[in-house]
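Order of writing sets the chain letters: A, B, C and D. Residues in each chain are counted from 1.
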Amino acid sequence: MSQYQHIKQKAYEANMQLPKLGLVLFTFGNVSAADRELGVFAIKPSGVPYEELTPEMMVIVDFDGKTVEGSKRPSSDTQTHAVLYKKWPKIGGIVHTHSTFGTAWAQSQRAIPIFGTTHADHLTCDIPCAPPMSDEMIQGNYEYETGFQIINHFESQDLDYEEVEMVLVGNHAPFTWGKTADKAVYNSAVLETVAHMAYLTEQINPNAPRLKDALVKKHYERKHGPDSYYGQS
Amino acid sequence: MSQYQHIKQKAYEANMQLPKLGLVLFTFGNVSAADRELGVFAIKPSGVPYEELTPEMMVIVDFDGKTVEGSKRPSSDTQTHAVLYKKWPKIGGIVHTHSTFGTAWAQSQRAIPIFGTTHADHLTCDIPCAPPMSDEMIQGNYEYETGFQIINHFESQDLDYEEVEMVLVGNHAPFTWGKTADKAVYNSAVLETVAHMAYLTEQINPNAPRLKDALVKKHYERKHGPDSYYGQS
Amino acid sequence: MSQYQHIKQKAYEANMQLPKLGLVLFTFGNVSAADRELGVFAIKPSGVPYEELTPEMMVIVDFDGKTVEGSKRPSSDTQTHAVLYKKWPKIGGIVHTHSTFGTAWAQSQRAIPIFGTTHADHLTCDIPCAPPMSDEMIQGNYEYETGFQIINHFESQDLDYEEVEMVLVGNHAPFTWGKTADKAVYNSAVLETVAHMAYLTEQINPNAPRLKDALVKKHYERKHGPDSYYGQS
Amino acid sequence: MSQYQHIKQKAYEANMQLPKLGLVLFTFGNVSAADRELGVFAIKPSGVPYEELTPEMMVIVDFDGKTVEGSKRPSSDTQTHAVLYKKWPKIGGIVHTHSTFGTAWAQSQRAIPIFGTTHADHLTCDIPCAPPMSDEMIQGNYEYETGFQIINHFESQDLDYEEVEMVLVGNHAPFTWGKTADKAVYNSAVLETVAHMAYLTEQINPNAPRLKDALVKKHYERKHGPDSYYGQS
């Protein structure tokens, strides 16, 4: 049995959550799960329908994007995953989807404004939108550069990847991550819901104000601060 | 067996209605069911996924918000429930959700205008929207103050909690209540549908007028007046 | 066994289609099925949830709105059904729903413009919207007058109830009918889909033109004219 | 057993995908599957509900639109399919639906702008919208002329049917095609999703720019170019 079986299983289960949560059509999405000690991640093979997927099909790739184990070609977005794992040492799972509302905001090239507590329960700022890449980046190693585009945007905006676990790539679609693959999938569903609500909010009130600072702080700390009191400890 | 088993069961069943009605994502909602004679209510534990919930997990809390029985931490919104039960003696159930359309109106900080008979079958005025709380209230006992914000808004608008069984909290999300937990869940679904229809109505006709008084009165009295003739008596 | 068993069964089956087609929340809808020779119709009892409904619960009512058989109170909209059956001799089934998009157009007090062939396959004009009733009508026998409001609107607009099998009642919601209860349910689903598409069409192109006459005529005649060639003959 | 059994089976299975993918209400859609060597295609019979459909009911038609085998009347859109098969020698399947968002764009008489990579993964230009037909064409052999309207629009816009496998017919609805019936169904679902996202994009940002050329090229070539690296080879 493969020494990577545990992350193949995790990646498989997390991938199978995407269609259940209504976040993918056909094969338009992928999840990976990393083992930091072994320095590798398991990722969905490219273009395989969810109903045919098995844990054994997951491809094992290292943080330089080199395939380590597996007979299938890994997701075409593998290099983006690899770059994020390499640069951000504390993430254990990554998700990419073309979920409808998240993708519409990405196509609009706008960050998703923080309008309410549903958003503030998960992050304290707008959901960032990295600008479309330069032509040079696109014509080079595209998926590799996509990872850098995300990292560069976080640096230029002074964002912390441990606090903001999601991003839109302009003209493209969302990426999310987390300490585990399951948490990254959870973040994808949160992003889609928040994107839906923010869209409706602007339609109902084009002058809707951003959430006030006191509420942003309160809600985030309920779930994440040192004195958090959400969930079972 | 617990003397509170009957309300644990009621609260459990009412909570399980929320995902079936499409009103919650993950754990973004909670229902409580009260026993007025015993002076307590049963409420969902914080952060437990619906698929893992059992009646035994429900936490028993008194109307001052003190846990009376249960090994789990109660919902982070427990103090809001406690305040409403304490101030409004005739309610037996409370629901809080982040349902998509209701939350979008809350984020828009607008009451939902009464545009049609679907709305008037349930209440005779706009669905009220309490303004966001002051920074002092937020930084104090937040969930406790959320309850007061709702009660204060009802008092300032001269609303009767027995006639208007729902409210939006500005920037946050809906709360509903009723004589029973089941009725409160029913009201949550009604609010979401009315919120959806009102949003569409303004999109289709930005000058759509409010429902005329004669229709408001007629429809409400069909279902609620002394001569009501809806349902089986 | 009741001599009305056949229409009780038909009405039951047609009512059960409404939740399957996503046209009702809770009990917000009703279907009736008539027997023209016996001069009666079977209709859903008021306020009974669909999951508890049985054929035996259907109430038999004559065309003056008088209950002929059944232990339950008939739908609160029964008088509207009775008036339509009495005035329009060739209809065998009637449906009332508060389906989301249809109701939003009714609340907007606008007829649904004929924008495409999906609409023209079923009727050759806008889906009419009867204006809200006068206060006198509302305060009188409301449901009875609702039927007359529909009939009056058809007369004033010179519409033929055999060609146009659907209407919006302003501020209220849709009514549809047909030669059978099944056809009336079919029309309710068509109305909801056409209402959804027309809403989107105006959002995408506020200047979208109505369908040209040649296409209106062609599509309607494909399905309904003397030389129709849709379906199996 | 019929010598056409293989395409009857293919057409049947492809037709049954439409309701599963949420692309049709009732019978508002049809799929055909061709055998190029035999010079015929199998198509859904007209007006038969999907739940009653069997492979044996499929009608075999030649590329001049003449029925070759089958006891049922073929889809009313059969002549459109025949024209496309005759003029475009490399397509093996065709789909027609009235899917909600695609039809709304058709009713708006607008091509769907290319706003993002979800679109560019499948085609490198806007999804074309053929103008409504002239009155002469409509009053003539309507379905036959619909095929020509599509072909004429592709010629006038210098589009290649092997690269652009989908079109909107103005005021009507989408048609898609592909090397196989399955691929044509896949394209119908892609069109609907892209139509939904493009609608939302314009609502969120009325000034959203089209996708830049470098991204259009990159994404299309990932899936379709000589060096494509999506999917399993």
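The criterion applied here is as follows: a contact is a pair of C-beta atoms (placed from the backbone, for glycine too) under 8 Å apart; a residue touches a chain by one contact, two chains touch by 3 or more.
Protein names from UniProt, one per chain: A, B, C, D = L-ribulose-5-phosphate 4-epimerase.
Just so you know, these numbers come straight off a predicted model, no measurement behind them.
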(request) Average the CA atoms of each chain to get its centre, and name the chain whose centre is farthest from that of chain B. (result) D
(request) Starting from the mean Cα coordinates of chain B and chain D, work out the distance between those two points in Å. (result) 46
(request) Measure off the straight-line distance from the CA centroid of chain A to the CA centroid of chain D, and report it in whole Å. (result) 33
(request) For chain B, jot down the residues that touch at least 2 other chains. (result) 203
(message) Taking the top-of-page definition of touch, could you list the pairs of chains it picks out?
(response) A-B, A-D, B-C, C-D
(request) Spell out the part of chain B that touches chain A in their complex, as residue ranges. (result) 25-26, 28, 45-48, 72-73, 76, 98, 100-101, 103-110, 132-133, 135, 138-139, 142, 171-173, 199, 202-203
(request) In the complex, go through chain D and note every residue touching chain A. (result) 115-118, 186, 189-190, 193, 196-198, 200-201, 203-205, 208-209, 211-212, 214-215, 218, 222, 229-233
